[in-house]
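Two complexes follow with subunit A in common, the first pairing it with subunit B and the second with subunit C.
Up next is the complex of A and B:
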């Protein structure tokens, strides 16, 4: 039992660090893209024109989203375990729901943007 | 008793990493929802983007960018600490991480339309 807990904690630690490395690259790209995009003004048409039909952005945001959906719940799990009196089981459930929610919302958004027909 | 361990730059770095992390975890679902409006209701998103170009919202947005940059640079410091080993200039790394984050925030603010 204790061995299982230690093992899962190790996996969570590894997943947190691996996703962090992926996120470091993704966030640098994201911030740069946003600063460039803002110069021409961000609008629905601009977002659609940038992303729709572009497989490179689809893959990039897919990887970005997966890393976020792994990293954020594990981080929140640590915070909640350390600073609330909630049980580990409840914290696990809550943060798993957060990850799932972010993932589903993100997939819908990314696929929607990719398939969007840019306004001419 | 005075908690002297808290009066140290790396303690403040820990606190900043935690606060920025929690803020980001709250911000990201909202951010994704707003972005999904591009697909479901483009006119509403455009209205939202017009509202977000007011100075006060731009400042809040810049604050979020600084939080993201701080979580990124602070996280890189932690990865370096865990995988590359301890260095004697941890305080310098904290200062660098804060400095870079503020610089990124400034570049964002200067380019905000």
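Up next is the complex of A and C:
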């Protein structure tokens, strides 16, 4: 049991650091795109025009979302374990729910934008 | 010439104690340990504190001086005094026995938990291991070997304060010197010991230990080394 905890803690740590590297790249691409797109204001039609039906953006935001859904809950788990008296089990459950919530919301957003018909 | 007096506030009692302020004459080249010794010998014989060598070798006289953990024998009053006042408390994160004396049991038990003892791979009948002073591993071990076990890094570490089971900088610095000791055979077990939630992966790299270490060691770097080795072991399925 103790061995398993050591191993799982180590894998969680590695998953969080690896997802951080992915996030660094994704956030840079996302922000650069946003800054370019924001020139002259941004609209739903403009976003949909760029993203909908474009598999490259679908894959990009899919990877971005997975990195967020892995990175944020593990970080929240550490913060909660260090700063509250909640049990490890409860914190694990809470943050797993957070991860799922973020993932479902993200999938809905990405698929919604991908399938949106741009206004002509 | 008027004598300059120092206002020295010293913690008295256990965790529920309070500060008592003493007046001590300022002298040239006076250390914080000199102040405490003066108080104990001439003003308050009941004051408890620890010291042994007085020259920065034994690591027994660490206290919190004006809010910072320090070795008191080599902390000159001139470097720490603020407006003629000095506040001396026991080290943080360790239970107070009495006055300036803390119970170091947890601190040293964690060295054992981090597998901080040498695991020999040879017997006295074998050839003496030849380790070149310029060897990379030898140099990494050298960087951390001069720890005097004073507990200053442990008291300065925020993670120790948040997580009472966290092994702390000194124990992991020790483990790292052994990880780099080519004569040692206990690394698989040692990496398992330092890998868990109470080990190296919980270090926030805030470097309070580096900032305060009187020997100018870098436990944060040692812990970063342990993180790398731990991850390598995990990827190889050795954890």
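As a convention for this text, the second predicted complex is superposed on the first by the 120 of 120 C-alpha atoms of A that agree within 3 Å, B and C clash if a C-alpha of one lies under 4 Å from a C-alpha of the other, contacts with A are read in each partner's own complex, and residues count from 1 in each chain.
One rule holds in what follows: a contact is a pair of C-beta atoms (placed from the backbone, for glycine too) under 8 Å apart; a residue touches a chain by one contact, two chains touch by 3 or more.
Predicted model, so just to flag it, every value in this text is computed and none were measured.
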item: Superposition-derived comparison: subunit B or subunit C, residues of subunit A touched; value: B
item: Partner chain(s) touched by A:54 [first = subunit B, second = subunit C, both, neither]; value: neither
item: Contacts of A:87 with subunit B and subunit C, given as first, second, both or neither; value: neither
item: Subunit B versus subunit C as contact partner of A:112, first or second or both or neither; value: first
item: Contacts of A:7 with subunit B and subunit C, given as first, second, both or neither; value: second
item: Touched partner set for A:102, first subunit B, second subunit C, both or neither; value: first
item: Which superposed partner A:34 touches (first subunit B, second subunit C, both, neither); value: first
item: Partner chain(s) touched by A:44 [first = subunit B, second = subunit C, both, neither]; value: first
item: In the complex, subunit A residues that touch subunit B; value: 17, 20-21, 23-24, 27-28, 31, 34-35, 38-39, 41-45, 47-48, 68, 72, 75-76, 79, 98, 101-102, 105-106, 108-109, 112-113, 116, 119
item: Residue ranges of subunit C in contact with subunit A within the complex; value: 159, 162-163, 192, 195-197, 201-202, 227, 230-231, 234, 239
item: In the complex with subunit C, residue positions of subunit A that touch it; value: 2-3, 5-7, 9-11, 13-14, 78, 81-83
item: Residue ranges of subunit B in contact with subunit A within the complex; value: 18, 21-22, 24-25, 28-29, 32-33, 35-40, 42-43, 45-46, 49, 65, 68-69, 72, 75-76, 79, 82-83, 104, 107-108, 111-113
